[in-house]
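What follows is chain A paired twice: with chain B in the first complex and chain C in the second.
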Partner chain A sequence: MIITVSGKSKEVQDNLTVAQLIAEEQVETPEYVTVSVNDTFVESGAFKSTKLHDGDTVEFLYFMGGGR
Partner chain B sequence: MIKLNRADYEKMLSHARSTLPEEACGLIAGTVEGEDRIIRKVYLLTNTDHSPEHFSLDPKEQLAAIKDMRLHGLVPIGNWHSHPDTPSRPSDEDKRLAYDSRASYLILSLMDREHPVLHSFRIFGTDAEKEELIIH
Partner chain C sequence: MALTNQQLERYSRHIILKGIGSRGQKKLLAAKVLIIGAGGLGAPAAMYLAAAGVGTIGIADADEVDLSNLQRQIIHSTGDVGKPKVQSAKETMQAINPDVNVITHHTFVSAGNILDLIKDYDFILDGTDNFPAKFLINDACVLAEKPFSHAGIIRFQGQLMTYVPGQGPCYRCVFKQPPPKDAVPTCSQAGVVGAMGGVIGSLQAMEAIKYITGAGDLLVGHLLTYDALKMEFRKIKLPWNGGHLHPEITGLVDYEQKECGGI
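On to the complex of A and B.
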């Protein structure tokens, strides 16, 4: 199936989960990544159970914050 | 070297002043030309911590900004935030939460309200290195 990851079209295996995509994309510091699928944020606890579908659009957002 | 135009600097400064006493924050995007990073757009985002001592970018606004960058052919360059009462230097927490060594981290100090100070840093683990910033 074809999905869009960070703006780029990509062919991936059917039934790929968000967790598998994170591993496949070699996302740095995955513990601090927020994932959206079709503009809906996926809870980190649901990464393993959330399956992607043909045509999905996935974005990885890195937590950004700090303090004084 | 990183370049920021005066209008975008003023936009950042105005936002940071308007959100006092809280920290202000946002993203910066632009183009990379050789060794130079040219900031073409400054995004003003909500500090979801609403704190004078901490900031976290709003993920929804972050997502919208990333899409806007892509739409305009810009690349993410880093982020910026203000220090209402401390100098323009990365705090221990800033360093701890700086996960991307490729990013530029701009810190705008309003400690002296009449004389704001903006510096840009690259952060490598616990080490921070100031990079040359030109406001033009």
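On to the complex of A and C.
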């Protein structure tokens, strides 16, 4: 199936979960990333149980703490 | 209040702009903006807001200028090392534009003082370097119904979002709660390119100017991310259901954590 990850189209295996995508994408500090799928936040406790579907749009939002 | 001849000349590039004009310039001169953190983000933001003629600029920071600040905090110069950052920032802003009334707050923001600090300002810029302060600023602005600009920078990356009460999600809606200390790399551990503060801090100043003048659309309901290595800006739409996506904020918390302390 084809999903859009961080704005880029990507072919992934069917029934891929959010947790598996996080591992595949080598997301930095995966415990603290905020994920939205199709304009809805996915709670971190649901990463393993949330399956992605063809056409889904996934965004990773990262903590960025610097400023000074 | 009519603009003086000197002001007409100083702000001529604003005044000829359709989105600002003399009406917008008068709004800027009457506006009060608070910048929390006189560092990598706060420095360029403060300089552009001073140059733009924002009439009252508050600047809050407890630190003194350190030699390691000068790689990015362009409001401070070599001769300012050791001076309170708020003092150095004030001198630079007033040298740029004597129209501006600069109010210095030589203090750390805390749950005990932040509501009093922000109450007289129209717009707040978060230029802090740690998550407890970012969440505190968010929560205080939500409680006091103040608009603010969040930003963060690290390495070659930056992010930005604007909160306007009732118009979109806040920082806590997206990020829930501060990560544990040292769980997420900070600028002192990971480094940051000085110009990153210039890019993102200038965007914060831009949001303040747009909010005050009413020009264009604010970065509400979106997170703007900037990856300098890929030279890629992305404007990511944030989920929102018309309210806050977290339990109600009933009070303010001083989270125990300190990142990038003193730099």
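Definition applied: the second predicted complex is superposed on the first by the 63 of 68 C-alpha atoms of A that agree within 3 Å, B and C clash if a C-alpha of one lies under 4 Å from a C-alpha of the other, contacts with A are read in each partner's own complex, and residues count from 1 in each chain.
The criterion applied here is as follows: contacts are C-beta pairs under 8 Å (C-beta built on N, C-alpha and C of every residue); 3 or more make two chains touch, one makes a residue touch a chain.
Since the model is a prediction, treat every value here as computed from it, not as a measurement.
Of the two partner chains, both chain B and chain C are touched by A:Gly7.
Judged by the touch definition given at the top, the superposed model places A:Phe63 against both chain B and chain C. In the superposition on chain A, A:Asn15 makes contact with neither chain B nor chain C.
In the superposed pair of complexes, A:Thr40 makes contact with chain C only, with no contact to chain B. Of the two partner chains placed around the shared chain by superposition, neither chain B nor chain C is touched by A:Ser49. By the document's definition of touching, both partners, chain B and chain C, reach A:Thr29. Once both structures are placed on chain A, chain A residues 7, 29, 32, 34, 36, 39, 41, 59, 61-68 are touched by chain B and, in the other complex, by chain C.
Interface of chain C with chain A (complex): residues 37-42, 69, 73, 126-131, 134, 151-154, 157-159, 174-176, 179, 183-187, 190, 192, 197, 223, 234, 236-239, 245, 259-260, 263.
Listing the residues of chain A that touch chain B in their complex gives 7, 28-29, 32, 34, 36, 39, 41, 59, 61-68.
The touching residues of chain B, when paired with chain A in their complex, are 23, 25, 27, 49, 52-57, 59-60, 62-63, 66, 70, 79, 81, 83-86, 90-91, 93-94, 97-100.
In the complex of the two chains, the chain A residues touching chain C come out as 6-7, 29, 31-32, 34, 36, 39-41, 59, 61-68.
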